[in-house]
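The structure follows.
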Amino acid sequence: MLDYVILLCMGIMSVAVFLTVLRLLRGPDLPDRILALDTLYINAIALIMLLGMFLASDLFFEAALLIAVMGFVGTVAVAKHLLRGDIIE
Amino acid sequence: MSRRLTWLPHPWLSLFMLLIWLLLVNELSFASLLSAALLGWLIPLATHRFWPDPPHLRHPYVLLRFVLRVLGDIVQANFEVARLILGRSGNLQPAFIEYPLELRQDFTISLLASTISLTPGTVSADIDQKRHLLLIHAFNVADEQALIDTIKTRYERPLQEVFECSTT
Amino acid sequence: MTFDWVELVVAALLLLGSLFALIGAIGLFKLPDFYMRLHGPTKATTLGVGALVVGSMVFFSTRGDGISLHELLITLFLFITAPVSAHMLAKAAMQQRLRRSRRTRGQPWQQ
Amino acid sequence: MLVLLIVLLPLLAVFLPVMAEAWGRNSCAWATALAPALALVLLLSQASAVLSGEVLLAHWAWLELLGLHISFRLDGLGFLFALLILGIGLLVILYARFYLSPRDPMGRFFAYLLLFMAAMLGVVLAENLLLLIFFWELTSLSSFLLIGYWSHSSEARKGARMALTVTGGGGLALLAGVLLLGHIVGSYQLTDVLAAGEQIRAHALYPLTLVLVLLGVFSKSAQFPLHFWLPHAMAAPSPISAYLHSATMVKAGVFLLARFYPALADTQWWFVLVSTVGLLTLLIGAITALYKHDLKGLLAYSTISHLGLITLLFGLDTRLAVAAALFHLINHAIFKASLFMLAGIISHETGTRDIRRLNGLWHFMPHTAVLTMLAAAAMAGLPLLNGFLSKEMLFVEVLAQQQWGSFSALLPVLVLLGAAFSVAYSIRLVHAVFFDGQAVNVPRFPPHEPPAGMHLPVQLLVLLCVLVGVFPAFLITALLHSAVTATLGHAIELPTLAIWHGFNQPLLFSVLAVVGGGLIYLLRKPQFRALGRIPNWDAKQVFEALVQRSVWLAARLLLRLESGSLQRYMAWLLLVAILGAGYWLLAMPQWRGPLALGAVDGATLLGALILCVASLATVRWHHQRLVALIMLSVVGLLVALAFARFSAPDLALTQLSVEMVTVLLLMLALFFLPRYTPQESSNLRRWRDLVLAGLAGLLVSVLAFALLTRPEDSIAGFYIANSLTGGGGTNVVNVILVDFRGFDTLGEISVLAIAGVGIYAMIDGLRLHVPTTDALGRPWAHQAHPLMLVNLSRVMLPLALMISAYIFLRGHNLPGGGFIAGLITAIALILQYVSSGEEWTRARWRVNYHALAASGVLIAGITGVASWLLGYPFLTSTFTHVHVPLVGDLELASAMLFDLGVYLTVVGATLLILANLGKLSKVRDDGEGA
Amino acid sequence: MALLFALTLGVLTTCGVYLILRARTFPVVMGLTLLGYAVNLFLFASGRLYTGMPAVLGQGSEVADPLPQALVLTAIVIGFAMTAFALVLALRALGELGSDHVDGRRDRG
Amino acid sequence: MSHLPVLPILMPMFAGAVLLLLARLSMTHKRTLSLLASLLQLPLAVGLLVAAEQGINVYALGNWMPPFGIVLVVDRLTALMLLLSAVLALPVVLYASRGDDALGPNFHALFQFQLMGINGAFLTGDLFNLFVFFEILLIASYALLVHGPSGARVRAGLHYVLLNLLGSALFLLALGTLYGVTGTLNMADMALRIAILDDNELYLAGAAGMLLLVVFALKAAVFPLYFWLPRAYASAAAPVAALFAIMTKVGIYAIIRVFTMLFADTSGALAGMAQVVLWPLALLTLVLGALGALAASSLPGVVAYLVVLSVGVLLSGVALGSEAALQATLYYLLQSTWVAAGLFLFAGLLDRARGPRFAARLVAGPPLAQRMLLGSVFFLGAIAVAGLPPLSGFIGKVLLLQAAGTGSMAAWLYATLLGSSLLVIVALSRAGSTLFWRQAGEEAEASGEPLDHCRLFACLLLLASSALLVILAAPVLDYLMAAVEQLANPIGYIDAVLSSVPQGGAP
């Protein structure tokens, strides 16, 4: 039963990803795209965790964790770039 | 700026790190405790220079209560925002609100701003340290003052109690 | 039949999480201005991933390999970082002087 | 041995004159003369043996495989030439001692001369044909130096280059010819080649071989149409002209005709080619000589003409003609050398070589005048002088030849014409210079007789002209006989050499030549006028123009190819790769292999779609760089997800971290770079690029498809089976990285460290314009370090370090390892740079990243070396399980230490790159630190 | 799956190559990054595709081919080093030649 | 056991790392260290050369036996190439130590890493490891190329770097395909596996082989992939350009190694696949190199094109394919590398002597203090590089022409090689007479540096190798023949590699 639920959840997440990608492509402004990218990272975490559960494998945890870290660093850096141009001052 | 070089510069941080390590290795054994203690001691020691004025945790219990309250608020408000998002967006009343800060320490202000952002419906958009103002963007707010009051009582005061000497 | 009961909880949590993630994405997709869109993902995904994390914890803890709590770290991380991301994005948006919905009261600040 | 010495002595003595120069000019000359004198003595000591027909061989095997041996032969032909080279060489040394002015560096001059002499001796004495080429090219090189001796003069430089080009080029043709000969005969030894004449002439490659050899001959001996370099070589000092351009080097060509005679001659090819070229050269040279106003120019064309004469004789292809050719060769060497020396004396004393400015020198230089008259008479072929005898022989042979069929009668007439012109220019040489008015135009007045040392060699040579002319049989027969024998390969009966053969046809021709020459000279004025109207094209200018034109054309061609456009280079590279690989792919019978395609699930399909859309979006928005960068990070994220999806968690982790660092890097760079890419490519180029890109994509698709539909049979099983037992870890990927293929990893961290160092070096001293507004022209936000970011990123540091430690420690058994851990650490630190600034971070984190990266490489390397101590190869790993009370089993693996090296390098290099790049904005445009 | 994977690689390669053929350094570097992704995925695929069987012992009976994974890991890191170098070189070119054109051509005007 | 085979890689690596670690060390100490490390390469190379006479030396890194672990293989060819790099490195470091190394930071470390990469590429018996070493030598060369400030250097460097990045991508594509088809990375093992592929897989391997060829050809600088080279080499600092003289040879080595082993006669339809393609390209390269030398406007430019020309010569030898042709190729390879390096150093010397206003451009310059000396050195180098007697270029050229036989290939080779030689003579005599015979007017003041004898010595060391190669031609050619016979018999190599046994017990 759980397998089907997980698959269903993955389906839901796929829709979420799809919408996010639409925003990413549509913009219209840079902050919109960055926000969409950030959301995509979050969605990726969700998908990875679902995949881990689907495969009953614990090996995906680190990937999820790392996506969280990297998504943050990326978003902050691009935002800083928009604000100040120079990300390391 | 205190630049003590002690054997345990940030005890709370060390404890925090210890917990994190145990979470990471996902097991509780003597070996993992030992390594957790070791890293919990080493890493704050190695990075203490990055914490020029560490926050002083005065009332851990209040903090715990605060955290639980915030978590509850997050869950509750999430549903509310979900409803708003799924509903007609034409009726929404967004607003930029200038929130007068009572907190004075950087770290605590950051915590407050985070808390505000984490609870649905509000985002800390900017901080003005000179004027002691916090710019909040609210998703849908009818009464701005009510929102300010809520934040003040539910979040700012407790944080002040935990980390800062009460200025009043 | 405790096992089934656990499965039920996990399933509910996973569905909850996924749906909130979806709602966040919907918000991102349909809300009229950037500042409002900012609320979608940063809110909904905290609970979305949060629920997934709890679901996963329950899932792995009941597999027989001992309690699994490390997923909590993901949520911890997101809780620390999401407000900063949102803050930085809001500042960037204000610096870029993005259009905002006409119904918005108050003013963004000069950067 | 002795033959070798003859060549070697001048060669070894090359440095003597340079060293002796310090002791004065006389010592220098003596030092120079020493080696040739010794060599001459050695040569003469063999005279009796050689003249009696003996062939002396000296052979040292050297490069069997190449066929190149140190192998010399001294036979009659070689003896004759060596005698000329050494004898005239010694006279030239004497002459030059007085000719060179004190300003001219004498040591260098004599050194070049000796070098040339040795090369010449090598050519005429070589038994091995490759050795001959060796020396042949050496004569070209040394003559280049000699002609260019007065390098300040443009004439000399251009003349030298032209001579080198023509003779060097001829040498290359000769080389090809000799290689073909060697191929036909199977040996480069002259003895073998000469014995294989029949075989050579019958070979299909004979015509080609002959043409190639003749090209060498004609270029060196200045035969039409390769003659033009010789007059310009007259920019050389007169002793050089006397030596190289009359007596020796130009004779190297005809020497080859003689040397190869048994191997190559006696065919229609030979006859037609050699005699025609010889005749044309004879005529053109003789006629042109008359009209040259430069004294040495006249002599140069005369030389060309006489060389043509000799060539013609070889071409006539009869034994007696060969004898005549060799005889004239000797005679010409003697009188022409003396004439060049005389020309040198005249220009030396008067300051000019222009015949039109030289008049009436008889009164000032009677001695010189007499010598000139005698030598010129020999050149004109007047009786009692050596030139007369050989010219008689020429007439005999010309009149006898029948190979030209109905045109045979024409040949004597043409030769007579040449002879008449020869007489005419000889008269002009004497009359116009020594008589014909008063010496009023000469730059140096009054001219004097030169020092006796300059006259002495001329006197000796002129004396020889007379002696040979009067007592030919006594003086020359033996020498000539042995030379002819050596040339033909067998002895022949020579006609008696005597002054008087009675009234006969040749004598008539001689008389006609003299009379005709006189007439031509008398009627010279209208000829000069007529010639003056013909545009005078100077070979040197033509040659220079030709070279310039070639240079220009080459430059244009290369500019088209090497347009300096990277886009075109890239397109070439892609095109070549696509064509090369595509060729074999198209040859494949079937792209699709036996495996099923495999089902596609929805999430993967969506992922693939987003991957495609995001990469297309990167292209679509590449003009808006930041947007493209965001799209690129989407691609990176999806690639990481793909790795995770297809069972490669290590790769997913690495990809995520590397991608983040890359994005940070791109953003750091984007600050300085323009924010938008201008629209530059034409539509055509865009289409071309699109086609190329599409083909490249197709190529990769086909390769991937072909692989994925085929079963795998790989060595992977070994790693899986041995990972735990042999490498002590359960994460096979990590065990491969740090153990099975640890050497790759060592190389890889070296790459990272080098990149860091290289980037540091590039940033060092770099000044870039720092933009003051954003892409939309708005000023930057004033707050550099937002409070929230500062405070929360500090929390991130210990957290990230914790994760880093965790990833590092578990790497051997579970996904993770030094790389990923290093990258996480680096990113956590970079976050500090981003949030709090470079200075703030540097103040708290005083680490020399160079040293950090280096120590990583060192630790990894030393870990590898440690295995030597146990007698194992580099990087042999070891691990052990230690039981610690309470803690339990602990695995200690050397691979962990290696991984630590990896970790440190990654941290060091990444920060070296990013932190330094971050610092760049601190260096303001004006060079002041902000 | 094979076809999908192959086609995706094709698109990725096409995009990367097209950008590599642009005239400015930044798009070229982005193109190289894209191409790098494609190439890494390709190298990875040379060990064939596996679902849910990471090359970690003790997790399942069968595991993916670990060797290409190790190779790709090496290739990723090397690729990063190279990209970084190219990018900084582009900056240096900007500094010394005053242009971000790949041929160092100065912008008109 | 003997660890000799790994030392040519480790020594420069450790030297480079130590130089980085002790970055604050004085320049003198750095120079000493770098010189010492380079000097040690010589006995090492000789030792390996001697060892190679005894048979093929296989060193299994990590004690993992091939085909599973990475092996270093020292056969005669490898030993020869190591000697080539060792002899090259020492004079170049010596030259650089007289001041060129101070133009930018970390020259010596980069130099040592570059040597590490070059030696590794020669030594490795593993295809992926070859990729890694290629990357090492490339990244170091990127950094060295832009060593010292110069706009031209950066421009050329950008082209060089970006092209090679694309090249690296192609290399990985080829590697992936070959691994996917054969399932192995060890070259010896791969050769065996290619021999038993079915048609489809064989052609896939053929596609990969072509990609490899393109990558190597890019490194080797073959038409139409050499276009980046002239500007890059001509603009590099003198010692860097001199070191780069060996870079194209790494590409040629790789072509020889890979295509005599993986795509040998046993590979069915793929046998000789490289030769067919290389033949016309090599001849074109040869001709264009000569034309370039004629058209170049500076001495380094001329030498750079001569490097291109030498590539054409070498690859035409490879394309001829016979043992004699390969022998000629190897001989020519030795001499052309050293002489070109010597000439690059000389160009640097001249550049300094003439001062920045004239540099080594082919224009009349100021009066030179040591005109005779410099002129003579140039003359020697020119003779050597133009293939004129009595120096080694001549022998190399004759060997190659002899190896060509008399067929139509020979006709093409004769025509192009000899025709190019003539162009080179014209080019070099032009260059020489302009540089050493012509003088700019009186106003041209000498602004150059006085001649540095140490630099001159370094330059002469390299040029002298040409004479040495003539004197020692007989033993050298014997060695080369033995090396070529080893190449022609890949089974011997394969056996040696695959039959190696672990050291000690189980590790």
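Quick notes on this one:
Note that the chains take the letters A, B, C, D, E and F in the order they are written out, and that residue 1 is the start of every chain.
Just so we're on the same page, contacts are C-beta pairs under 8 Å (C-beta built on N, C-alpha and C of every residue); 3 or more make two chains touch, one makes a residue touch a chain.
This one's a predicted model, so the numbers in the text were calculated from it and none came from an experiment.
Between subunit A and subunit B, the least number of touch steps comes to 2.
Any chain touching subunit A that also touches subunit E appears here: D. Set against the Cα centre of subunit C, the chain with the most distant centre is D. Centrality by Cα centroid goes to chain F. The interface with the greater count of contacting C-beta pairs, when C-D is set against B-C, is B-C. If each chain is reduced to the centroid of its CA atoms, subunit A and subunit D end up 61 Å from each other.
Spacing of subunit E relative to subunit F, judged by their CA centroids, is 28 angstrom.
Inter-chain centre distance (subunit B to subunit D, centres taken as mean C-alpha positions): 75 Å. Multi-chain contact residues, meaning those touching two or more other chains, occur in subunit B at positions 20, 24-26, 113-114, 124. Contact with two or more other chains is made by residues 20, 25, 28, 40, 42, 45-48, 51-52, 54, 56, 67, 71, 74, 78-79, 81-83, 85, 89-90, 92, 102-103 of subunit E. Residues of subunit C in contact with two or more other chains: 26, 38, 40, 68, 70, 73, 77, 80-81, 83-84, 87-88, 91, 95-96, 111. Screening every pair of chains for touch gives A-C, A-D, A-E, B-C, B-D, C-D, D-E, D-F, E-F.
Interface residues of subunit B, counted against subunit C in their complex, comprise 20, 23-27, 74-75, 77-78, 81-82, 85-86, 89, 92-98, 113-118, 120-121, 123-126, 128, 135, 137, 139, 144. Interface residues of subunit C facing subunit D in the complex, by the touch rule stated above, are 77, 80-81, 83-84, 87-88, 91, 95-97, 111.
Residue ranges of subunit E in contact with subunit F, taken from their complex: 20, 25, 28, 32, 35-36, 39-40, 42-43, 45-48, 67-68, 71, 74-75, 78-79, 81-83, 85-86, 89-90, 92-93, 96-97, 102-104.
Subunit C makes touch with subunit B in their complex at residues 20, 23, 26-27, 30-33, 35-36, 38-40, 42-44, 46-47, 50, 66, 68-70, 72-73, 79-80, 82-84, 86-87, 90-91, 94, 100-101, 103-109, 111. If you check the complex, the residues on subunit E that touch subunit D are 1-30, 33-34, 37-38, 40-42, 44-58, 63-67, 69-74, 76-85, 87-92, 94-95, 100, 102-103, 107.
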